[in-house]
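So that you can tell them apart, the chains are marked A, B, C and D in the order they are listed, and the count of residues begins at 1 in each.
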Amino acid sequence: MGSDVSGATSTEATTAPSGALLEVTDLVKHFPIKSGLLFDREVDQVRAVDGISFSVDKGETLGLVGESGSGKSTACRAVLQLLKPTSGSVKFEGQEIAGLGRRELRPLRREMQMIFQDPYASLNPRKRVGQIVGDQLKIQKVASGGELRKRVEGLLDRVGLSPEHYNRFPHEFSGGQRQRIGIARALALEPKLVICDEPVSALDVSIQAQIVNLLDDLQDELRLTYVFVAHDIGVVRHISDRIAVMNQGKIVETGPADQVCEHPRDAYTKKLLAAVPIADPRESAARRAERTAAG
Amino acid sequence: MPSESEKSGAETTALEGAVVSPGTGPGGSEFAIVEADSGARQGGGPWAIAWRRLRRNHFALFALGVFLLIVVCCLLAPVWANQVAHTGPNQTHTLEKLHEGGEVKEVVEPSGKAIGPQFFAAGGKFFLGADGHLGRDEMVRLLYGGRSSLFIGIVAAIITTILAVVFGLLSGFYGGWTDTVISRAMDVIWAFPVVLLAIALGIVLAVGGLEIGPIHLKSSSLWIPTLIIGIVYTPYMARPLRGEILAFREKEFIEAAVAQGAGPSRIMFLEILPNLMSTIIVFFTLNIANNMLLEAVLSYLGAGVQPPSSSWGTMISEGFEALYSQPLLTIIPGTAILLTVLSVNVFGDGLRDALDPKSKVRFEARAGSSDPEAIGPV
Amino acid sequence: MLRFLVRRVLGAIAVLFAISVLVFLIFNVVPATNPAQRIAGKNATPQLIKNVEKEWGFDKSLPEQYWTQMKLIFTGEVKSYNAHINVDERIVEGIPATASLCIGAAIIWLAFGFLFGYLSAVRSGGWLDRGLTVLALIGISMPVFWLASILLYYFTYKIELFPPSGYEPLSDPGKWFSHLILPWISLAVLFAGFYSRVLRSSMLDVMNEDYVRTARAKGLSQRRVMVKHVLRNSLIPVITLFGLDFGVLIGGGAIVTESLFNIEGVGLFTAEALKQQDFPSIMAVTLFGAFFIVLFNILVDIGYAYLDPRIRLGASAA
Amino acid sequence: MRKLAIFLSIAVLAAISAVALAACGGGGSGSGTTSESTSESNAGGSAGEGGGSEGGTLKGAYTSFPDYMDPQISYTAEGWTAMRPVYIPLLAYKAAPGEEGAEIIPGLAKEMPKITNGDKTYTMFLREGLKYSNGEPIKAGDFKYAVERCFLTNSGGSPFYTDIVGAEQFAKTKKGGISGIKVNEKTGEIVINLEKPQGTFLNELALMFVAPVPQNTPNEDQSASPPPASGPYMITKSQPGRGWDYERNPYWAKDNGKQMTEIPSGHVDKIEIEVNRNQSTQVNDIESGKLNWIFDPPPTDRYQEVKEKFEGTQFKPEPTISTYYFWMNQTTEPFSNKKVREAVNYAVDPAALERIYTGQVVGTQQILPPGMPGYKKFELFPHNMKKAKELIAESGVKDKEITVWTDTESPNNDAGTYYQGVLKELGFNVELKILNADNYFTVIGNTSTPNLDTGWADWFEDFPHPNDFFDILLNGESIQPTNNQNFSQINVKPLNEKINKLAEEQLGPQQESKYAELDEEFMKEATWAPYGTRTLSLFVSEDINLETAIWNPTFETELTSLEFKK
């Protein structure tokens, strides 16, 4: 309802061309704080996501950046309906998905997938790689038997793993390899939208680049649309077309990646930029001084 | 542990996940440690690893061997009874005499004292002597009694496991009202002195048997003590399971499954349940041990296996009536229980070390299932 | 803290209520015998049975009977079916004996549990550890009443080292002690084995924690590290268990030990009540026992918070 | 061959036990004289007069507290033994062993009642100047109150007195008193009117149920504070479940005892009874002298050991007037078939059961036990398994499912197991139900309990009168839906009539022989398979004079007869 209007008025930069793949409007997710001597009453709320709006075009990468606790992860989950939003609208290919039931969501699940932050917690330790990647093909009744195996092996190959890994367990892999498994899982159904929730923040710096590059390659190859979430604005800048900066549940600034990074308007964005490590020690020292002055 | 603090704990983690940095979820790091410890590139699945560890534990394997040997012996009870002793477990020989190498011995003296162990002197008859006034063959009764004890121990453990998994999953996974109802019901049984509950049920059912709908159980049925024991221990297993499920529910791989469109039953049984298996297996073995001890207590108090069926518990209780004149009648079945339970416990210990060397469940499993309420206060 | 207490106390009351209803149902819906017939005696005429039914209120509706029963229990006027004993008085009279048994046994099992657990953990993997492990497992695997009867047979009958049984009041400490020593031992063996295992594993867990390694690296002596850092931090699970176990026992849980050794405590009374299916007594002892279990559950939670400052009581969702 | 050998050995055993029994009986009846001789020989040793030394504190033990410590309500041997020296009814059983102990003598009444009005009116007078242990006078009205109190407290004993005129009405309304009892407080006259003649009424007047108590005694259980005593001892402290103490009744020596010379005054000054559930401990405590007397016999486990060690010095077996039997429900298949019942009688072997009871039952195969007036030994069904099987074959009953009932008390449970084996051998499918002893008779006494086919039971006399067996256990008219005692549910009209007719007659030699006939007639019906009478025992410490200790068949140990040696 009136998404056009609100979309247009809230932030001019998000006024994306019609035919946006994902359109999020006034999305709110509050967690109640309950207390009371005898019975729990809701005494307050944590406003994890406090009315955000953005949209993502086909083939585009939107970077969502903010500090820990700014509500990025909650926003991702609310968009994917892994958490029920308190209010607001989420449109996927023009279809309202907020408030849909599990069964109604199931066909849509094929279209939007998520890559999780923690490659250790996001893979079921008791399942083999083949199952982890292939199960959804079964759930969505896309493939089974030998065909399923073939597809999974193909996927493993595509993300840079060996097909022999099919029967291995997650604990036999390193963090980077695990994240590749997570990516293979997300791509198994050839989704249109992939939400990457800090996919590299738990990894060593050297491996981070490999994964980011992999994601980049895959995007080109499969014409994927990404929402890329990170707390490190440097990583986000590298991969994103546009950037939205989140602080305390709200989007404080959005715009094309370079614009946001070169000419930040919001004080918070500036602060984030100041935190990006710089290779040159001198510059880094200067930045630090800047930061303390700002703080 | 009180369920409340568990619940509040779950709520806090849920919030932390959302509000605080999702970067360092406690779950993730825990798994990392496990991995680091077990050697990141260890080959094979979790079961293969566990099996390799278990295979090195000779003591535990020996215990398993002892247990299996006992099981096999008890299964062979009819063979011994028919081929060697030539008598049944409930056949009385009050007035019979034993002709043994020219010597004639009375199976039961007029004073009621029974014949002692003959070993092979009488061709295997009365191998361990007779059981008191009735002159039943102690060895035959021991073997048949072992069947009852093992049946109760194992089947009750199966019942407990099924109930606990179902309740634990429903309660831990669905939360809300389901959780409240199940948790409160568990609280009640938890606060009920276990032996008291079991005995109360046992005594009441010993009179009339059980008739619920199509189920008719005679009062002498082995199923009555089995069911009682199975039900009574359920909360001790369901609670720790629920706790674990609550922790798993917050793990990202569950979200991943949801994101793939998996339904609740798929998540419960295919995603969560496999992760509970090692806990369940550990509980299961400990349950067998504890069930056999509880069976003994119940039978001793007249609320367990009903005579003339014998179990090791009833045999101790019968032997106890002749403790001063024939202490062997108490010592023999007691030793049988001790050996069996000890072998299960030793094996269970090894199994736990093999399956989950770092697991916190180690303590919970013990505290929960062998909660002294159950076997201690007796 | 207040919030925690209020909630737990209310929860406890609800649990006790549920238990009382459960016991009431078990004995009034399932069973086959009419207590009036039993009370009336073997030669009873139908008129007599009717009189008994009326006087004891068995002709009233179940909720009414339940209400009367609870009222009697809480006003201390409840009488047993069998001998018209005042059940509440009898329970109160049994407390000293039960307390003597439980406290004494607890001291023994804690002492041995700690000693064995500590040694086992310090020498983990060595022969001493293995020996103690086997000992502890044997203790855990033994039917308590069987151990008790063997002790009875050997020490009171065969070599007559200890007086057979019965409870002697503390007013004669020598007698009190000699009569309780066997019951203490037979009750303590299981717990000692169990606690030593729990302490061992929890100490091993703590020993692998970083701060212990740090303490060691700082050059603190082994014993100092073990006692000051490891032992202290390993206590939580043991304390938890102890609270729960002790609550059960003090509430009359030592049914078999008390009846085997003829210790006139709550457990013995429970055993008799169960044997005679004496409903009022069973109801009262069950509530009594459950009360202690619930009480010690609460105490354990408080003790928890005291030992581990990371746990805050009543801190839900905040 | 082998069977014959067994049979012979049983026969020999039976003969030996019969001889032994005869010897015991002889010893018992002669104990009066021997005790005098020993007391004379002991007299020089101490200051005591007569027997052993007077005074001292007797310590005793019970395995459980009596059902009630209240004369009107208690209905167990435990209670009766305990209160025997405390409460004296108008009439009393003589404090003597064996048959002599069945003799009824005047208690608080001056003499035996005059029976008039076609055996329906009993008139007697209370002795004068009697006092309770609290100093209050004993009044004639106290007797009336005692009878009424029986009904007011819903005592299990009250059914004995429903034949008194107005008693049934009183049982219903509990108001207005029992019109059939008239008392005159001045003269002490007591007149009791019965609805119909009752041959057992003298016996019933001598029961503890109607021992007078002060009229201000509350009409509820007084176990914790028993009413004041009329006998030689008073209960000074009673802790239900734990124990109780006696001291001498100060008014006994001064008043009551002077008049009731036939009631012994007792030897010790104090008696302390504790409840000790562990019977084995009780035995140890007797051996070590910590206890002087125990109520219950040594546990089966240690019976032989004690018997061998102490028989004649501290221990003597005492026969009781009791019958242990298997009942067979005649209203249902297969026991409605007389051949089956006979077969069971042939198949059950009392010799086996003697062993199961470790020698504490003496085999018999009839209703009335030795010691009961009217007992005449006969044996209709000598053990014969072959014949039993033939009878079953003749009866045509095959593969019938039956349930055998017994209780948990050892060795009754073993007896049930043995019986189950016997029935299996006869070709039945048998399920054994072993119920808790406290509940057992209530369950099998409820005729609506399913599967009441056959099972174990015992009966100890309430008083030494054969009517106490036949009327309660075998009269078809006394079958009732609950608290039934006629477990076989036998209902044979001519036999019922015979019982009813004999019940109205005072017991004499003629009646006794009629009861003996009745005994045989019931056994011809094979309504029970009786297997023995129980032997209990007296076991005292070393310093108690066993010779003078008296075992009364109704009240068991006479506490007043126990004295310390020297």
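In this section, contacts are C-beta pairs under 8 Å (C-beta built on N, C-alpha and C of every residue); 3 or more make two chains touch, one makes a residue touch a chain.
Note that the coordinates shown come from a computational prediction; the quantities given were computed from them, not determined experimentally.
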**Message:** Measuring between Cα centroids, what's the chain most distant from chain D?
**Reply:** A
**Complete:** When B-D and C-D are ranked by contacting C-beta pairs, first place goes to C-D
**Complete:** Cα centre of chain B to Cα centre of chain D, whole Å, reads 47
**Prompt:** Approximately how many whole Å separate the CA-defined centres of chain A and chain D?
**Reply:** 90
**Fill in**
Between chain C and chain D, the Cα-mean centres are separated in Å by 41
**Asked** In whole angstrom, what separates the CA-based centres of chain B and chain C?
**Response** 21
**Message:** Touching at least two other chains at once: which residues of chain D meet that condition?
**Reply:** 280, 436, 439, 443
**Prompt:** Of all residues in chain B, which are in touch with two or more distinct other chains?
**Reply:** 11, 15, 203, 207, 302, 323-324
**Message:** Using the touch definition from the top, which residues of chain A touch two or more other chains?
**Reply:** 34
**Request:** Report the residues of chain B in contact with chain D in the complex, numbered from low to high.
**Result:** 90-92, 94-97, 108-113, 132-134, 203, 206-207, 218-220, 302, 306-308, 321-325
**Fill in**
As the complex stands, chain C meets chain B at residues 7-8, 11-12, 14-16, 18-19, 22-23, 26-27, 30-33, 130, 133, 137-138, 140-146, 149-150, 152-153, 157, 187, 190-191, 194, 197-198, 201-202, 237, 240-241, 244-245, 248-249, 251-257, 267, 270-271, 274-275, 277, 282, 285-286, 289-290, 293-294, 297, 301, 311, 314-317
**Asked** Considering the complex alone, what residue numbers of chain D touch chain B?
**Response** 5-6, 10, 13, 280, 299-305, 349, 351-352, 354-359, 408, 410-411, 413-414, 417-418, 420-421, 431-436, 439, 443
**Prompt:** For chain A, which residues are in contact with chain B within the complex?
**Reply:** 29, 31, 34, 46, 48, 68-69, 71, 73-74, 77, 80, 82-83, 102, 105-106, 109-110, 113-114, 116-118, 120-128, 135-136, 139-140, 169, 171-174, 182, 185, 189, 197-198, 201-202, 231
**Message:** Under the definition above, what is the set of chain B residues touching chain A in their complex?
**Reply:** 11, 14-15, 17-23, 25, 27-29, 31-32, 34-35, 38, 40-46, 251-253, 255-263, 266, 270-271, 274-275, 277
